[in-house]
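For reference, chains read A, B, C, D and E in written order, and residue numbers begin at 1 within each chain.
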Amino acid sequence: MDFASILGIVSGLALIISAIFMGGDFHIFINVPGIMIVVGGTIAATLLTFQFKDVISAFRGAFHVFSQERSKPLEMINTMLDLSKVSHRNGLLALANVETNSKFLKRACNMMADAASEEFIRRTLQTEIDSLIARHYTVQDIFKKMASYAPAFGMLGTLIGLVQMLSQLDDPASIGPAMAVALLTTFYGSMMSTMLFLPIAGKLRSRTMMEVQNLEIIREGAISILSNDNYLNVYERLSSYIPEAQRQSVSAKKGKK
Amino acid sequence: MDFASILGIVSGLALIISAIFMGGDFHIFINVPGIMIVVGGTIAATLLTFQFKDVISAFRGAFHVFSQERSKPLEMINTMLDLSKVSHRNGLLALANVETNSKFLKRACNMMADAASEEFIRRTLQTEIDSLIARHYTVQDIFKKMASYAPAFGMLGTLIGLVQMLSQLDDPASIGPAMAVALLTTFYGSMMSTMLFLPIAGKLRSRTMMEVQNLEIIREGAISILSNDNYLNVYERLSSYIPEAQRQSVSAKKGKK
Amino acid sequence: MDFASILGIVSGLALIISAIFMGGDFHIFINVPGIMIVVGGTIAATLLTFQFKDVISAFRGAFHVFSQERSKPLEMINTMLDLSKVSHRNGLLALANVETNSKFLKRACNMMADAASEEFIRRTLQTEIDSLIARHYTVQDIFKKMASYAPAFGMLGTLIGLVQMLSQLDDPASIGPAMAVALLTTFYGSMMSTMLFLPIAGKLRSRTMMEVQNLEIIREGAISILSNDNYLNVYERLSSYIPEAQRQSVSAKKGKK
Amino acid sequence: MDFASILGIVSGLALIISAIFMGGDFHIFINVPGIMIVVGGTIAATLLTFQFKDVISAFRGAFHVFSQERSKPLEMINTMLDLSKVSHRNGLLALANVETNSKFLKRACNMMADAASEEFIRRTLQTEIDSLIARHYTVQDIFKKMASYAPAFGMLGTLIGLVQMLSQLDDPASIGPAMAVALLTTFYGSMMSTMLFLPIAGKLRSRTMMEVQNLEIIREGAISILSNDNYLNVYERLSSYIPEAQRQSVSAKKGKK
Amino acid sequence: MDFASILGIVSGLALIISAIFMGGDFHIFINVPGIMIVVGGTIAATLLTFQFKDVISAFRGAFHVFSQERSKPLEMINTMLDLSKVSHRNGLLALANVETNSKFLKRACNMMADAASEEFIRRTLQTEIDSLIARHYTVQDIFKKMASYAPAFGMLGTLIGLVQMLSQLDDPASIGPAMAVALLTTFYGSMMSTMLFLPIAGKLRSRTMMEVQNLEIIREGAISILSNDNYLNVYERLSSYIPEAQRQSVSAKKGKK
């Protein structure tokens, strides 16, 4: 799990909890039926909205995304430049023996070694990128929907509490506490949405964008290698994907080559 | 009806109902005029927004979608690979005799057997996919609009109740119960939207995306078969549509072939 | 006016009115200055937002759309198949004499009879479809903007009423009725938006989609006729626009031909 | 300034003001600090969001748009048909001498007279249309942002007022008037947004769409003239941009030519 | 830092602060736990949503954007026209020696001097523009998300305060001040969003659009120079990017050339 996520979750919860403690009793913020309505309702509506297996794989995907380290674009460019050297020295066939833990890169290498046409490689890899985006989008969508279901069930809980309180106005002294309890579900729903579901959906999205960029670098690199571009041209093409500050100056590269 | 949907509906309703019972009388949550305003108003506005036949077919479509089982992408790829074998052994004409309960696949086979051009097949099947997406979009749109009409009529009902209560402030003791009744329509509208219409619209959408993916596999497979690609190439093209984990390794396939 | 629209308007109004009557006096829901603020303000803001002639033509268009019957896609396909027969029997020139009350179809026929190029016909008809979509979009947009102006003026009216009430808290007994009156403009604005403007905008949109589909069938049909496709091919191309259930089986068609 | 805009502004303000007068004192709706927070805050946030020169040019553009008359599509088509005649009679070079107050048309004429290629003309004029859309979009965006800043500052003002009132609950009699004053900023913000900024943004948008259509007619007309289309063909191409009702029947045109 | 930004921030804060002072005590608007919840919560959720390095670079980028001066489109066009002259006089190779502090322009010059193909230059520069847009979009997105997290944490803080107040209704005199404190977090959250995060996100967006326009001028100019267009043609192509008012008349240019 990356540093920013841990810092974010820990500090966010610490702030909320300390704010609650400063105001006095912590137990007035615990309401089991309220928690059940918001948590249970959100899960129920999510199961109704999506396929069961998609929900399961979304949670697994979320865990995966927070724990796993991805390669940086710069490393990916260097990998492609190495493959370019391999291809120039030993021919495209040598790419079939490349060892890598990226199945996408392995696949691109196999297609190059099989002497597939540029158009076949481009279309096949693009289809794979598109369907990866579609699958990741579903996962993000599940958390976005949960982020909107949680406050909705919070409001439903508050409405139930208000209706019950208002229809039994016998004891004015009980109005305050009853309303406090009613507001708790709104609090639960908003907190789950703001501190959990929205950030997870956002992080999944930024990870997807990073991963897609890496796959695009592989796709463009593979096509560049296939058309037998020289080392500098492969570098020129791929370096467009990274910010100027990360690029080594082209002239330096020229010298090195 | 799939497992997740049943689980979702049952557990969601159970939570709301138990929350209501825990607070005391259930009958204070039943208000027939309020239910009529929200349910009736939502239906009225929906009829005004859409064509009558579209509304009917949307409800039928929703029922259909929850009950029907669709083929998985992997099965569809295997079907196309089988057709590829048939075509290689017996020629494209043999595809005319393929038995299938997918009219889209049947149509693709007929066009292949008729020796239609790749461009004709691609455009005809794409038009069919596009117009299927358009029709399904209308169905989803009906439930999305209902999801926004229901809370709107809930609020209208609450406003009516508030105006009536406020203009007759004779008896302060009646304020609470009158306000409780007024809030009920907001409760009905929010609950219908959150637990019924939004999830249905979401599920319809994810089903459409799955179905479109299957049709795209058929389209790409048909074009691949038509251009006489070998078994491995057809597999390469189509396997891009499924996640890596579901794919059999390409080398294993190679051996099998 | 179509059945669903009448049913929707009548039942919607009946529900609201009966809800009001059940609560007692109807006259407490009539507040002429409030109606003037919401209705007048909405019209004023709409006039400020759009061109005068666009607003007039939007209202005329809305009336038109609710009263007029459109041809169904299936009928349009049959029309194009008939034209295909005419063209095969008597040549393209014969299309100049086709009688039709669709100016778009008439135009397509004239261009075919004039032996215009496929590219000229496609671009000219596409430009016409695009500019029809743009004009209809403006009409929908006017009703969508009215749907958002009406509640906004409702809220302005309520704010005016609240400020007046709060600044003159002399008589506590008058608070209730004054607040009831203040809430009325919110009620008017929401009701106009939910029961009138949003449904009209939605219906206009679904009509536009239907009309565009018909025009696309004409465009594709015309191009198919021009390239001298046989009857079956014209049918294959166009039938993609309608759902499977409405299509006659291709083999049956084959036999008929 | 066009008739609809004047009518809209005058009638809208008249309604609001008469509603205020009917409720009694007008001066309770005047609160100088409140006006300063909403107006000043909106301007401050707008200056922070955009470049200074863009804000200035947006206001100038808004004034321009309300005062200036644009040519109608039909007139533009007639202009292009006239140019087509000029070109047929005197050659493309004669177009260099065309007098027009549209710099875009002048530019198209110059390029035609310079015998630029169709592709060069299309791309140059398209780039100009695109960058005009981008500039106009910025102007609309400024008014849209102001339409969202105004109510936000209104709410900030109300919050300030509420906090001040609630922390000094010494005199219950002052609660009402203090709350009325607090609500005034919300009223100012909503009114400015609904009656000023949103309509201006909307009008700017519809003017842009009209202007772009005119430029597209010039672009298509110029290309049509360049490829030496006959009068009827130029008319056919361009008449697609206007609704059927405004078109003269093609056969009538044919006779005229 | 540009003039408008300074003016905006200073005048906005001055308005809010003077509004607070006019109402009396300033200290009632200071609530350290409330500030911690809103500021800390917003930062926590932002860290959870994005990568740590992206958040850091967003803040650095925001500072950069407010302080740095960008070249205007007109200057960029003049630069490209100068390069066009250099290329005509001394050949494309001379472009390798061009001194510029824009790395993008330097790169375009290097590729032209290396005699890269038009298609290679267009694609490489377009990829760079696209990935610059993607990176800047992430930065804007961070501020947009903060603009939505801040009011959400403000509401959470208010809910915590309300629940605490309502559950301890012992002393009616404390209701007002307690509620005032509870409302403060909503005030903090709205103010941070409206006066800080939204304007920054907006300014970043308008800067990106300006920068992209400059890069597009370089791209189009480079391609124009490469295809050996004459001075006037380069000018014609590039001047489409700026409004008519900024253009020198084409005829004047003609004379100068």
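Structural remarks
By our rule, a contact is a pair of C-beta atoms (placed from the backbone, for glycine too) under 8 Å apart; a residue touches a chain by one contact, two chains touch by 3 or more.
The structure presented is a predicted model; accordingly, all values stated were derived computationally and were not measured.
The chains that touch subunit B as well as subunit E are A. One rotation lays the C-alpha atoms of subunit D on subunit E, and its angle is 70 degrees to the nearest 5. Look at where the CA atoms of subunit B average out and do the same for subunit C: the two points lie 24 Å apart.
Measuring from the averaged C-alpha position of subunit C to that of subunit E gives a distance of 39 Å.
Shared contact sites, meaning residues of subunit D that touch two or more other chains, are absent. Following neighbours round the ring, subunit A first and subunit B right after, the list reads A, B, C, D, E.
Listing the residues of subunit B that touch subunit C in their complex gives 33, 36-37, 40-41, 43-52, 54-55, 103-104, 107, 110-111, 120, 123-125, 127-128, 131-132, 134-135, 138, 145, 149, 152-153, 155-157, 159-169.
Those residues of subunit D lying in contact with subunit C across their complex are 2-5, 7-9, 11-12, 15-16, 18-20, 22-25, 28-29, 173, 175-177, 179-180, 183-184, 186-187, 190-191, 193-195, 198-200, 202-203, 206, 209, 213, 220, 233, 236-237, 240-244, 250.
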